[in-house]
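Below, chain A partners chain B and then partners chain C, in two separate complexes.
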Partner chain A sequence: MSVAGWLADRVGWKGIEASLAAHRASRRGFMFHVGGITLFLLVVQVVSGILLAIYYRPDADHAHASVERIVGEIPYGNLVRGVHVWAADLFVVSLLIHLFTVVVRRSFRAPHELTWVSGIALLLVGLGQAFTGAVLPWSEKAYTDARVGSEFARYVPLVGDWLHRFMRGGEDVDSETLAHAFGFHVAVLPAAMTLLLGTHLFLVSRRPVTPLPQAATAPTIPLYPDFLVRLGVALTGTMVLILSLAIFWERPVGPSADPRTPPSGGLPPWYLLPAHAILRAAPKELLGIDGPTFLFGAACVFGLILLALPFIDRRGSRLTVWLAWIALLALILLSFRALP
Partner chain B sequence: MLPSAQAVPSTGSAAPPSSASVASRLPSPTEATNTCASCHSTLTDATLRTPAKEFLHSAHRDERIGCVGCHKGDPRDPTVGAHSPSTGFIPHPTHAEVPRICGGCHSDAAFIRLINGRLSVGQAALFNLSLHGKLTSAGDPAAPDCSTCHGKHDLEPPSSPLSPVNRANVAKLCSGCHADKERMSKYDIRTDQFEKWQKSAHGQAFLAGNQNAPTCTGCHGAHASTPPDAASVAHACGRCHEQEMQLFEQSPHSQGFRKRGLAQCVACHGNHDVARASALMVGVGPDSTCMKCHSHDDKPRQVASDISDLLRDARERAAEARGAVAGATAAGLRVAGADYALDQVSTAEQKVRGVVHTLDPARVQAVVADIDSAVDATLTLVSNAEEARSRERRGYYVALALAGLLLVTLALKTVQLDRRRRQAGP
Partner chain C sequence: MSSNEDRKEVPRRDFLNVAVGGSAAALAVAGGYPIVRYLEPPPGRAAGAVRVGKVESFPVGTVHTVMVGERPVLVVRTADEIRAFSALCTHLQCVVAYSPESKQIECPCHGGVYSLDGRNVAGPPPRPLQELAVTIDEDFVLVSSAG
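Take a look at the complex of A and B:
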C-alpha cells in the first residue's frame, strides 16, 4: 500500500470524498468563490501573522523598531509583512463583497438565518482584526488610525464612552492602547473568529445555498472535485495577486509614533472612511440630539436592521436588493467625501 | 493743566522702591487705578496726554508699577501739588538719570522677585560697564540709555514680539543707530554691519527662522555690549563654536596671529559678513583663504594642499554614501539603518570641519578615516538591501512559476472533469 493510500485509509478519505461529492454547487459564476477566497485570505493572514509575531515586540518603546527590523533586516520579512498587510485589506474587501453578493442573491433567506447572523458577526470581528492590526506598527499612521478610529466609538449611542475607553485602553491613545490592540489581535479576536467561522462553515455544510428562483434550473457540479478544483484556480490567482502587491506596491512603516507630539488631522483606515465623512458632515444638533450621536445612532439602527434582515425580509424581496445597491453607492460616495 | 477740582482717588500707583517693605510699594489689586494717568489722559496738550495713553500698553502697568515708579511725585494730592519738588517729582529724567532710575528697581533682587520671578537683575551694573554706558555716563547725548532700546511709556517686555529688544527685532534696533552714518561719524566706526550681517551665514540663518543663529547681541552682548578686539574675538565666536575655538588655539595660527595682532577667527572667516564655511576656503585654489597670506610660502602651501586633498576625498566619499542611499530610496528600496549610518557620516564631517582648524594634516587624516568607515558601513547597508530585494524578487518569480504550473494543472483538471461529466451524461 502506498503512503497516500495508507493515509487515505487511516483518515477515512473515501467517506469524506463521498460526502463532499454529494454536495452540489453552481457551475458558473466567480461570486460563488468569494466565500472560499475570504477563508483563504484568513489562512494567509494567520500564517504570515505567526511569522511576524516571532519578531514583533508588543510594547510602545520597541514596537515600531521591531517592525522596522522585520522589514529591513529579517530575510523575507518585508515580503511577509507585505503579504500580511495586503491580505488584511483584501480580507475586508472580500468580506464586504461576500456580504453584498449574499444580499443581492438573497441567499440570506430561510433556512440560512443563522448562517447570516454568524456571517455578520464574522464581519465585525474581521473589522476588529483589521483595526487592531493597523495599530500594531505604532507608527504615526498607526497612531492616527487608533486615535481617529476610536474617536468614532464615542458617538455610538448608550455605550459610546465605554467603547471609546475600551478601544483606547484608557482615556488617551498611548502604550495601553497598543497593549490592548495586540491582545485582541492575536488572542481574543482570533478565538472569536475561529468559533464563528466554525459555526458558519458548519451551517453552510448543513444548509447548502438556496438558488434564486430564476436559477433553480441552472447547471450544478459536485462540490468535490469539480467546484473545489475551480476554487483552487481562484485561490492560486489570489495568492499571485497578494504576492505581486506585496512585491510591487510596498506599504511603508512610516515614522514612529510619538504620543508627546501626536500628529494632528489624518484619516482613519479606509474601511472607516464613511464614518469619518459622517462625523465631518454632521450638524451640531439634530432633532434636539447631538448631531454626530444622532447620525451614528442611525448607522447603528441600520446595522441592527442588517443583522435581522432574514427575519425582516423572509422571502428576499427585490426592494432589499435595490436598497443594497443604494447602500453600496452611499458608502463609496461617503468614502470619497472623507478624502481631503 | 491739572484739573484741581477733579476728585482724584486717594490711592494710586506704586511708590519708588525705597521703602524697606517691598510689598508696601505695590498697590493692592483693588487700588490699581493710576491717578496720574487718569488726569493726564484728559489733558489737551498732546505731549502731556500721550505718555498717559501709551502707558496703558506698558509692561510696567501690567506689573502694577505706576508713573510714580519713575517720575515720583505724590498721586494722593489732587492738585498741582502732586508735582511739587518736595515730593521728589522728576518731570523729565535726563539721559544720565535714566539708567539710575531703571536700576533703582532692576538692581533690587528682592523687589524684582516680588514683581516677576523670571526677571534677572543687575542690568544697570552691566550697562555701566559697557561702552554705551560709559558714553552715557560721560554725558554723550548720542549714546543710548535704557529707554533708547527698551522704549519709554509703552515699554513691552522683551519676550513680546512688539518689543524692540525682542530677539527678532534686535538687529533692526541696533542698526537704527549703527547704520546711521551721521550719528556714527564722530565715533569713527563703520555703518555697514547690519547690511553685511543680513547677507552673512549668521544673518541668513537667523532670517530663515533659525532660533540658534546669532543676532547682534549674540556676539556683542546686550547690556554689557563691548566690541570684541583682535585678541578676544575667538572667545566671542567660541561661545557657540567652542570646538573650533579650542582646536584653533592648538594650531600654529593661534600664536602667529597673536604676535601679528591679527583678529583670530575674523582673519579667515570675516566678522559681520561671515560666509558659510566651505572646503574651498582651504587649499591653493582661487577661493582659498590660505593663499591670502601664504601664496609664496612653500611649507604652508603644502599643508594647505594636503588638507584640501583630504577634504575633497572626504566630500566625495560622503557624497557617494548619500548618493547610494538616495538612489536606493528612489528605487523604492528600504535601507534599514541608513538614517543612522548617514548621521555617522555627517558627524564625522562635522569633526573634520572642526579639526581643520588645527592645520595638522595627520589629525585631519585620522578623522577622514572615520568618514571612510561610516561611508563603507552605509554602502554595506545599501548593498545588503539590494541583495535582500534581489532575493525577494527571485523568490517571487519562483512562486510565480509554481503558481503558473498549478494554474495550468488545475485548468487541465477542470477540462478533464467537464469532459468526464459530459461523457457520463446528465
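Take a look at the complex of A and C:
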C-alpha cells in the first residue's frame, strides 16, 4: 500500500469523498464562491497576522518604529504587511459582496434566519477587526482613526458612553488604547470570529442555500470534486490578486502619531467614505437633535432593521431587492462625494 | 379526592433539563460578570493643573498647541488674557489647529471652524470647544485638565 493509500485508509477518505460527492452545489455563477473566498481571505489574514505579531511591539513608544522595521528591515516584511493589509481590505469587500448577494438572491428567507443573524454578527466583528487593525501602526492616521472611531461609539444609544471608554481603554486615546486594540485584534475578536464562523458554516451545512424560484430546476454539480475544484481556481486567483496588490501598490505606514498635530486632511478607510460624506455635509441640528446624535441614531435603527430583515420580510419581497440596489447606488455616490 | 392525586408529576427528564440548563446559565453569569467588569477600564486619574510653559513663551497674538496629560490643548494669547481650549473638535474629536491664514481654529476632518474664543462658527461641530481654566503661577502658565 502506498503512503497516500495508507493515509486515505486511516482517515477514512472514501467515506468523506462519498459524503462530499453526495452534496450538490449550484453550477452557475462566481457569486456562489464569494463565501469561500471570504473564508480564504480570513485565513490569509491569520497567517500574515501571526508573522507580523512576531516583530510588532504593542506600546505607543515602539509600535510605529516596529512597523517601520518590519517594512524596512525584515526580509519580505513589506510583502507580509502588504498581504495582511490588502487581504483585510478585500475581506471587507468580500463580506459586503456576500451580504449584498444574499439580499438580492433573497437567501435570508426562512429557514435561514439564524444563518443571516450570524452573518451580520460576523460583519460587525469584521469591522471591529478593521478598526483595531487600523490603530496598531500608531501613525498619525491611526491616531485620528482611533479618536474618530471611538467617538462614533459614544453616539450608540444606551451603551454609548460605556462603549466609548471601552474602545479607548480609558478616557482618552493613549497607550492604553493601543494595548486594548492589540488585545482585541489578536485574541478577543479572532476568538469571537472563530465561534461565529463555526456557527455560520454549521448552519449553512445544515440548511443548504435557498434556490430562487426560477433556479429550482437549474442544473447542479457535486460539491466534490466539481464545485471545490472551481473554488480552488477562484482562491488561486484571489491569492494572485493579493500578491500583485501587495507588490505593486504599496501602503505606506505614514508619520508617527503626534497628538498635537492635526491630521493632514486624509480620508478615512474606503468603507467609511459614505459616512465621511454625510458627516461633512450634515447640519448642526436635525429635528432638534444635534447632528451626530441624529445620524448615529438613524444608523443604529438601520442596523437593527438589517439584523431583523428575515423576520421583517419573511417572504423575500422584490421591494427589499430594489432597496438593496438603491442603497448600493447611494453608497457608491456618497463615496465619490467624499473624495476631494 | 386526596391531595396526592392532585399533585402533577414532573418527568425525570424535564427536571434534569431544567436543572442542567439552570446550572449552566448560573455558571455563565458567574463567569461572565467578572470578565465583563475586568474588560471595563477603570476611571482615569485627572492630571490636575499642568505647567505648559512660561508666560513669555506665549507671545501676544499667537496660538500654541500643548499637551495637558494625554490631551492636546490650544493656548490662545490675546492682548488682554491667556485662554486655553481643548484642541479636540466637538464633532468627532479630531485634533483642531489654528490657521494663520483665516485667523480661525479649523478641523481638517469634517470642515468645522471655531473662532479664537472657542465658538463653533461653521461646519458640523455642535458645541464650542471646551474651555479649560488657566492660572498664572510664578510666571508659569498652568492649564487645568478638568475645565
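Convention: the second predicted complex is superposed on the first by the 334 of 340 C-alpha atoms of A that agree within 3 Å, B and C clash if a C-alpha of one lies under 4 Å from a C-alpha of the other, contacts with A are read in each partner's own complex, and residues count from 1 in each chain.
Heads up, the rule we're going with is that a residue touches a chain if its C-beta (ideal position, glycine included) is under 8 Å from a C-beta of that chain, and two chains touch if they have at least 3 such contacts.
It should be emphasised that the depicted structure is a prediction, and the values quoted were computed from it without experimental measurement.
Considering which of chain B and chain C touches more of chain A, the answer is C. Shared-chain residue A:Asp290: touches chain C; no touch with chain B. Once the two complexes are laid over each other on the shared chain, residue contacts for A:Thr261 go to chain C alone; chain B is not touched. Legend: residue contacts after superposition of the two complexes on their common chain; A:Thr194 is shown touching neither chain B nor chain C.
Of the two partner chains, chain C is the only one touched by A:Thr144; chain B is not.
Touch criterion not met for A:Ser317: it reaches neither chain B nor chain C.
In the complex of the two chains, the chain B residues touching chain A come out as 332, 334-337, 385, 388, 391-393, 395-396, 399-400, 403, 406-407, 410-411, 413-414, 417-418, 421.
Interface of chain C with chain A (complex): residues 39-44, 65-67, 69-72, 87-88, 91-97, 107-111, 120, 124-127.
Residues of chain A touching chain C in their complex: 144, 147-148, 150-152, 162, 165-166, 168-174, 176, 180, 259-265, 276, 279-280, 282-285, 290-292.
Contact residues on chain A toward chain B in their complex (touch as defined above): 68-69, 71-73, 75-76, 78-79, 221, 225-226, 229-230, 232-233, 236-237, 239-240, 243-244, 247, 250, 252.
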